[in-house]
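I have a structure here, written as structure tokens, and I will follow up with some questions on it.
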Amino acid sequence: MRDEGASEREAGLRAELAAAGRAFGARGWVPATSGNLSARLGPDVAIITASGRDKGALGEGDFLAIDLDGAPLGAPEERASAEAPLHGALYRRFADVRAVLHVHSPAATTISLVAGSGEVTLRGYEMQKALAGVTTHEHAEVIPVLPNEQDTVRLSTLVGERLDHHPDAHAYLLAGHGLYTWGWSVAEARRHVEALEFLFDCELRRLALRGDGR
Amino acid sequence: MRDEGASEREAGLRAELAAAGRAFGARGWVPATSGNLSARLGPDVAIITASGRDKGALGEGDFLAIDLDGAPLGAPEERASAEAPLHGALYRRFADVRAVLHVHSPAATTISLVAGSGEVTLRGYEMQKALAGVTTHEHAEVIPVLPNEQDTVRLSTLVGERLDHHPDAHAYLLAGHGLYTWGWSVAEARRHVEALEFLFDCELRRLALRGDGR
Amino acid sequence: MRDEGASEREAGLRAELAAAGRAFGARGWVPATSGNLSARLGPDVAIITASGRDKGALGEGDFLAIDLDGAPLGAPEERASAEAPLHGALYRRFADVRAVLHVHSPAATTISLVAGSGEVTLRGYEMQKALAGVTTHEHAEVIPVLPNEQDTVRLSTLVGERLDHHPDAHAYLLAGHGLYTWGWSVAEARRHVEALEFLFDCELRRLALRGDGR
Amino acid sequence: MRDEGASEREAGLRAELAAAGRAFGARGWVPATSGNLSARLGPDVAIITASGRDKGALGEGDFLAIDLDGAPLGAPEERASAEAPLHGALYRRFADVRAVLHVHSPAATTISLVAGSGEVTLRGYEMQKALAGVTTHEHAEVIPVLPNEQDTVRLSTLVGERLDHHPDAHAYLLAGHGLYTWGWSVAEARRHVEALEFLFDCELRRLALRGDGR
């Protein structure tokens, strides 16, 4: 039985996720009902946006509880996002992660397609310091890029294998698909989305000017 | 004589179309009174935005009823969009289409001009799954591009001939003009607009970086 | 002595100009207090935005009356824009022009600098039909580009000489400076701004993809 | 003891800075809690945004007082931005400067990285006249670009040395980091931000079209 504090905490998380969704929607990062947003409620449970909702206009009722395999708990009339297993796998991997945000922006999608080499490396940007634990622009932030895949359970295994080699990653990209990032709070995960979108945008502009973005 | 349910349904469709128009206006997709939005009322009748209105600021009175040739029904003081026959032809072709949306965005217009080969083919994007019935990014979405033409009755015949060869198309482009897409609800057609604009934007960025967009 | 109808008409024009300014401000077309907006009150008098105001946040009091040389009438405490003579010259040239709008957008400014040849020619865009009297995308719209010049009285003479050779022009560009366009109503002039910004944006994207924009 | 006029003046400055932050946030210039905004309260004291706040959504309580070394005065529970010494150094250098604004925009960041030669020179833009004291587009505005550096006390010394050689500069860039600009009022400093962002955007578009931006 959940206590009252728990349901207040949950309401607060829904409100924070909905506010993040509105901000992302205004920037064109969750078009056509794409993207999904989640927050951890406890060791083995999270809330995630229901499938098919406009993530730029979320209401209280647009979330459902899932376990860390991504399976819905209760409320059988709601369908969790097909990508719920990708969220669950991140909560399972990182005990201190409290929020996982997935967006589809033109910058993230384009850079995932032109990167080619299996990762995007960012270096020399002050904005990298918006990523938790990074203290200098001299840091090299390596963002793994994985091939896209429709079987999200299988994909979450592949993601796990890649993250084993990148224990300090703050995010990963799915090629032609979008960005996954996380944080120890909704605010931190949202800061990661904003920082990475900025960095991808700068990097794409720089590639276009250097003429070697192929 | 229309029943009360019918006029409530019509009011709902006007409100949905106006909301779509506001969203498109905020993104710069219906500048200078361009674009037109319609929804089916019945087997042989639709409502469409009146000519010359700002599609980003539509009110209740900015719509009129048309038959499927695009001719106004009643309200002779209002002028239907010159492109009403293009809407009508889509309702006639697809019995289950409930909404047709036409926007002019820089991305749709530019890609229609650089495509050259008579079609735009999208492949490898997760966002393709926002198009009704598409279940994988491996799908190749072919969007026919037709030469522009001022005689919209003649143009609607040409569109029909092209669509005969693309029975699964979700949309078509008019070169230098803009995008037509449709759906079994206003929400689905709006999702198609958002998804296609995203896809055209990504594809143009990718072409610019590859340096072979000519 | 002005009659009551006149002051109601003037209030309406101020409101229309302020609304146009807000829309332009939201798009980034009048940054850093740039741009100026005017409307004709009578054969020899117009109202224009006062110097130094944020054109994206205009109030009732941010306008002053000028004659067609651009000199302020009454209200000596207000300073008319230094570009008032350019507005006056257009009202003098075109007896049926009721509004003149001048904006600084990145697209207009950039295209004025890369055009090189003294004019920008637009062809093949459906959006050209948003320009008064244009009925087909096959029309070639020629927009003269003049070198910039700080003496706006002298500049207005040079503009006049160029417009003598382009009697059907809907607009002109000042190199590195911005766009001037006009219309028989505030709504028409605003439609011209929106259409031309769209067209410049498309044309710049097309030049960038073709790789021959130098 | 501060008088009542002083605390009203301070409240006004907080409101002006918060409004500037909202405008910058809407344009994507202060993503991921980046940027910092300050205003001078007196000869030796200024207010500056507290560390870690979203500069696009500032409230009354998101500021703290600092001396011109950037050290917090009172309110020990608040942390000043790590970049406070860079603000202080500008107030110390220019007795008549009343506001210092620092933003991270994609345009400022990208141009700082492609500039290469240690400075960005702007020439031929009417918008240069939005910079205090500039009266013609023929003016060459030189904006020093400094290498980024995490020790902001040391960095402020380096900035000072560079500004000794550019006594008329209105701004400087930190490579891969962002823009610093100032003015004799919050309004003037904000006008400088808007004008410089416009100019960087135009210059980057021009470089991309000329194909020599490397």
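For reference, chains read A, B, C and D in written order, and residue numbers begin at 1 within each chain.
Everything below uses one rule, namely that a contact is a pair of C-beta atoms (placed from the backbone, for glycine too) under 8 Å apart; a residue touches a chain by one contact, two chains touch by 3 or more.
Given the structure is predicted, the values throughout are model-derived calculations rather than measurements.
**Student:** What rotation angle, rounded to the nearest 5 degrees, superposes the C-alpha atoms of chain C onto those of its identical copy chain D?
**Tutor:** 90
**Student:** Just the number, please: Cα centre separation of chain A and chain B in whole Å.
**Tutor:** 31
**Student:** Quick one: report the Å distance separating chain A from chain C, using the average Cα coordinate of each chain.
**Tutor:** Once rounded, the distance between the two centres reads 44 Å.
**Student:** Would you mind listing the residues of chain B that make contact with two or more other chains?
**Tutor:** Chain B, residues with two or more chain partners: 208, 211.
**Student:** So with touch defined the way it is at the top, what topology do the chains form here? Options are line, ring, star, complete, other.
**Tutor:** ring
**Student:** How about chain C: which of its residues touch chain B in the complex?
**Tutor:** Counting only chain C, the residues touching chain B are 27, 124-127, 130, 135-137, 191-192, 194-195, 197-198, 201-202, 205-206, 208-211.
**Student:** Which bits of chain D are touching chain A when the two form their complex?
**Tutor:** It is residues 28, 31-34, 104, 106, 109-110, 113-114, 148, 150, 174-178, 204, 207-208, 211, 213-214 of chain D that touch chain A.
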